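The same chain A turns up in both complexes below, where it pairs with chain B and then with chain C.
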Partner chain A sequence: MDRAKPSALRTPAAQIPVAPRRARNGGSGWWRGLFDTPANAVITAACLLLLGIAIPPVLRWTVLDAVWSGTSETCRSASGACWAFIGEKFRFILFGFYPRQQHWKPALTLVLLFGMIGVTAVPRFWHPRLVVLWVVAIIAAVLLMAGAPHPGTVATDVWAGLPLTLLLAVIGIGAAFPLALLLALGRRSRMGGVRWMSILVIEVMRGVPLIAVLYAAILLLPLMLPAGVTLDKLLRAQLALAGFIAAYMAEVIRAGLQGVGDGQYEAAKSLGLSYGTMLRLVILPQALRIVIPSFVTLAIGVLQSTTLVIVIGAFDFLNTARVAASDPNWLGFFDEAFFFTGAVYFLLSFLASRYSLWLERRLRR
Partner chain B sequence: MMPPTPLDVTPSGPRRARGVAARMARALHDWWGDRPWGQFALLIGAVAIFGFFGSNAADNMQQFGISPGFSFLDRPANFEIGESLIRYGAADSYGRAILVGLLNTAAVAVLGCILASVLGLFLGIARLSGNPLLSGLVQIYVEIARNTPLLLQLFFWNAIAHALPSPRQALGIGGSVFLSNRGVFLPAFRDPAAGWGLGLAVVTALALAVAISRLRRWRVRTRLPGQKGLGLLWGALVLPFIVLGLGGVSFAVEVPSLHGFNFAGGTAISPEFAALLTGLVVNSAATICEIVRSGIQAVPVGQWDAARALGLSPRRILRLVVLPQALRIIIPVTTSCYLDLTKNSSLAVAIGFPDLVSVINTTANQSGQVIETVFMMMMTYLTINLAVSLAMNRYHHRLARRGGVA
Partner chain C sequence: MMLQSLGRISSRIGRRVGRLGPVKAGVITLAVATTLLTAVSPDAWAGATLDAIKARGVIKVGVGTAPGFFSPDSNGRWQGFFVDFGRALAIAVFNDPDKVQFTSSSPQQRLPALQSGEFDILLSGVTETITRAMHLGFHFGPVIFYDGQGLMVARKLGVSQGTQLDGATVCIQTGTTGELNIADFFRQNKISFKPVVIEETSQVRDAFTSGRCDVLTQDSSALALERLRLPQPDDYVVLPERISKEPLAPAVRYGDDQWLETVNWVVYATIQAEEYGITSANVDSFLSSDNPGIRRFLGVDPSVGEAANLDPKFAYTIIKTLGNYGEIFDRNVGPKTRIGFERGLNQLWTKGGLLYAPPFR
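Up next, the complex of A and B:
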């Protein structure tokens, strides 16, 4: 790929004839394009008009007329947003139906997972031992959610809220990785049978919507297991999610494998390295490094996709917010609930996407 | 490949047949590659696992008294479907119910792709404009659409669609379109045949246009005489419309009007459909906006400079130099965006719109024919994907033949 550098890309963008920027008189700041031509002046005026219409009601709803504390009655008499509802329902939205006196467990799970994500985001800590640490952290988190120090006392039905969303995403990605690696290698294999099976799995998974995969897992798995064997519903959803992620991740890894030059493969082979050693020491360290930013993008998609477990009746972060607004005492504050959850999802995804851009620049150096 | 032996030059009947067979065996052997037996073992292992699951499923289904096979499609469905493009009632068969779901999915997907393309194209151009305010606003839109879950956006639009005023206080747009909590009411042809006829005429005219432009290009390439008169062929495009006009179909348009507590006349879109369509369009338009932007920006600056040095006008630079190159990047990615939109339309089940997945789920729960229904659902989406992939491959081959695929 011979792509022009980002700085050079700006030039043609500015010269799209739709909104020409001809006059270059005076100034060089970003505001230069606001009024330099009659067309731009009209566009600017139209945008300002639009903002003038849109901003005041939004500002009134979110801040000026909003109710920050009080009961649902105070909220209903006001015209703005009811942030008192979020305050009242904060713990429910965060942890759902998890037993209230044990809320420290999901809270600790959140701290643990966010802490691990924070540590993983620092390139200096990238080390094989980090993988071991993740496995330990995930096992600890699952045991904690199950009611450690007495695991098994809290049924998975009441796992809910942000910890559940994060667990689904993190375990989904973690479980998908080995499978994705095998599928990616299989798709690039010169063995026809292996290649064909890998392509079949990847394309079937990528060809159907996640909801279809979730329904298939929920409906089919119980039927296909021997009589007497049952799988937890959440576990079934998690399996479906992991399989689905694996197909997309395999394509990401494949792009990385393609990005490693043929010379690397040939050099490794001429050194007499076996296939496994070649992958471990030469190919994978380079291939995976290339695709780390794509992994972050994939993780954002996974975080947003976990919301679909709603269709099987699980209480993820989005669903707890929805249920909170269905409480008879606080019925109908859906706007506030969705605004709050939306803000949290946005913050997480936006930070991750900025991080991915930063990482891309850093790795290119 | 083996070098041809002298025997191959004058092959006799049986020997030649053996040669072909040997060559095919050799090709198969090459394709199958290393470790033939290990691969066989893997394949057999995969089949065995499926067999194990399948036999369990067969046992379990027998226990529940469910007979495998697709005969259940003829049995009455016994459930209502909220909205349908074809006539449907609870007494109709499961097969017809699934067809209703499929048509609903198709309607959302086709309308969604068209609207998202139009909106996305405009947004992409706005994003590239030299005006920082406009470009910044579009960027905010894109960030919000892409950094929040689609399901959340659908819930939001669904809440809005249901929070609209009742039909009596409906929001009117230009006195012909009405937004209310009972749905969106649009003007429509009084005669349903008019809509179908018009659609058919447009499709015929498009096909004619493609045929004419091919014919003209072929004429130019082969330098046959009679180039000039061909321009008149474009006149043929009005033919389908003339036929339609002579067909005696009435094109009277009916505007919805308030009768009692609801609207009558025109056509109605349910709140769920409106919410789903809006959510999908708003979400995909953000993606298409980014695709258009990156596609145009990927054309090297030198191309713009060279075109300007030739003295081309800005319009012609865009049309003749930049867009043809940008489209090579834009079209494949946009196609996969269309596929995503189609797949994402399955989120309809969460806001109560009866799409394919929703109807299949109800059917599976009610009839117990889980394997068959899930199989049908998977096959439908895979068929759509396969068809689009094949079309894309053809497109790539055409580009490669013209000598310039990225």
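Up next, the complex of A and C:
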């Protein structure tokens, strides 16, 4: 059978001629290809026309006719966006119900978390100590939100806004990782029981929407706990979120594990490495490196999914903005509220995706 | 790279914790644990809700989010019609309107949360129904807001009552009970209407503003918000009729009659004050009243309050701080606010409404 295959398939990849990119235009300026053929010219013109129709009203609303300061009365008489609303509600949108005189605590939490994310983004700092640092940072952030130096004085009910969104996402991803690793390894395990259990967990979690998992954690979990034991509402949501992320992350990791050639496993085994040592020294470093971009994509998704905690009555960043517009004194500025939160979410997600592209290039080197 | 030594890390953490010594490590673990876990929260299973409230020093109230009824101001402080009743309860129990903690709860989650002890009371606009009262295990206090499906029309139509709407076109959303209620309403009043049935909420609003229909119908509290989202809210008016019943009452779980009665009489106090004509502005002048009923009510004659196991002056303090029912209503959702509700059914029984307080004696 083998012999019947066309010979081209046997040609080593390096020998297959690859057409040089942009050969037809012979240049690499961004404008090339916009007008080179009639079809492209029509598409370009249509896009320009659409932009021409869309941009002026958006610009008029966001900038030209916008109200930058004043009361809700000044806003109501104007036709543009009411950025004075964002100014008035800025602290509420950021920190929600957190006691106002203690706002430095969630602010410091934000600085801490963004700082840690910034540090983690630099490959030079990738070191086991970083994980220890993360654990310390998250504990510090949680204690700070709980009212450090007197932890426990601020109930989790009033945790809100951007710090809550970030904490949910960061702790969710952090807690999901070890679980995801076990699930991914379990799914590739040769032990039938372990494999089937892993498959069951992953597929059930991926098969139901996050909102259902959150409801289960909020409504069903308390019924399953022994009498007299209650888990904090936010903690229940966080556990549900972590479990949900773990299922998706397990599949990402599994893809990485499959991307490592069989030869690597065989070579490691032939050196006499144990299963654990083989994973730690040979397989995981390669497997995880392959899937770092997928991790970033997953993290962006998680950041945006955290808004679903609205169903348990928690006030994440999006929800504080929405509720800010239900103050009778500043009623109905939903467009501004969602524009502002949308811009912040976009900025965070965009930075993350640019970073992922940069990292991909760097790791390929 | 990063994960090459994941295994090493756990042992490192272990060593580090070990270096801290058992006491310090224990303290840290405990601090983290108490922050994250409210394990064995005592109030969840205490026999009496009121005892737990007094031990805790604060009333936990579940609210919703709707402008005028419950919404945070720019400082993150809860304001609104239902919120004021929460503050009134805090005055009755602690003589301090701020010893109350409001937490927003979603409609799906609020009743289980009340059941599990997360809240002492729901002031989130729960409709009183027989299923909730008898099957699900919740007691309801007095209805503090009679909501119901309402009708909104353009002011320029000059309509002041629903019965004048003969032949009107009505915008309705499909698949809601509103569709059935509106048909019943017009049939009962023997007038005709043309329904315009639309799927999408935003399209219903568009159809109404573009003049495709004369009437927009929804639950009246939702209608008030809808009105404010229209380009020129002042050009529209919500008619006083309510064509379905949505009695919104405070809800408490079974098991503490004393707490339920406290809720009852706090609400009655605001209603009774309005009936007596006592307001936050003139309450002090009533202290010298000769009327024995008013003297009992305000605690000048302390016998009733003492018998009720409450601060005899609780009604006085509530009226002085928050005002009577009418003041609370007008301040939060009344005609002069942006919400712009008429009193309608939420008017004293003496003025054609349903508010009626039993005697304070």
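In this section, the second predicted complex is superposed on the first by the 320 of 365 C-alpha atoms of A that agree within 3 Å, B and C clash if a C-alpha of one lies under 4 Å from a C-alpha of the other, contacts with A are read in each partner's own complex, and residues count from 1 in each chain.
Assume a contact is a pair of C-beta atoms (placed from the backbone, for glycine too) under 8 Å apart; a residue touches a chain by one contact, two chains touch by 3 or more.
Note that the structure is a prediction, hence the values are computed from the model and not measured.
In the superposition on chain A, A:L34 makes contact with chain B only, not with chain C.
Of the two partner chains placed around the shared chain by superposition, chain B is the only one that A:M224 touches, whereas chain C remains out of contact. Once the two complexes are laid over each other on the shared chain, residue contacts for A:M191 go to chain B alone; chain C is not touched. In the superposed pair of complexes, A:Y215 makes contact with chain B and with chain C alike. Once the two complexes are laid over each other on the shared chain, residue contacts for A:F346 go to chain B alone; chain C is not touched.
Using the contact criterion defined above for the overlaid structures, shared-chain residue A:I43 touches chain B, although it does not reach chain C. Touch criterion not met for A:P149: it reaches neither chain B nor chain C.
When the two complexes are overlaid on their common chain A, residue A:V311 makes contact with chain B and with chain C alike. Contact with neither chain B nor chain C is seen for A:G52 once the two complexes are overlaid on the shared chain. Put simply, chain A uses residues 215, 219, 227, 310-311, 334 to touch chain B in one complex and chain C in the other. Those residues of chain A lying in contact with chain C across their complex are 88-89, 91-92, 95-100, 123, 126-128, 130-132, 135, 139, 142-143, 146, 151-152, 155, 157, 215, 218-219, 222, 227-233, 235, 276, 280-281, 284-285, 288-289, 310-313, 315, 323-324, 326-332, 334.
Residues 1-4, 8-9, 11-21, 30-31, 33-34, 36, 40, 43-44, 47-48, 50-51, 189-194, 197, 203-204, 206-212, 215-216, 219-220, 223-227, 300, 304-305, 307-308, 310-311, 318, 322, 334-335, 338, 341-342, 345-346, 349-350, 353 of chain A touch chain B in their complex. Every residue of chain B that touches chain A in the complex is listed here, in rising order: 31-35, 39-40, 42-43, 46, 53-54, 56-57, 59-61, 63, 125, 128-134, 137, 143-144, 146-152, 155-156, 159, 293, 296-301, 303-304, 314-315, 317-318, 322, 343-344, 346-347, 349-350, 357, 360-361, 364-365, 370-371, 374, 377-378, 381-382, 385-386, 406. The part of chain C that touches chain A in the complex is made up of residues 1-9, 12-13, 16, 28, 31-32, 34-41, 44-45, 65-68, 71-76, 79, 101, 103-106, 108-110, 112-113, 116-118, 228-229, 332, 337-339.
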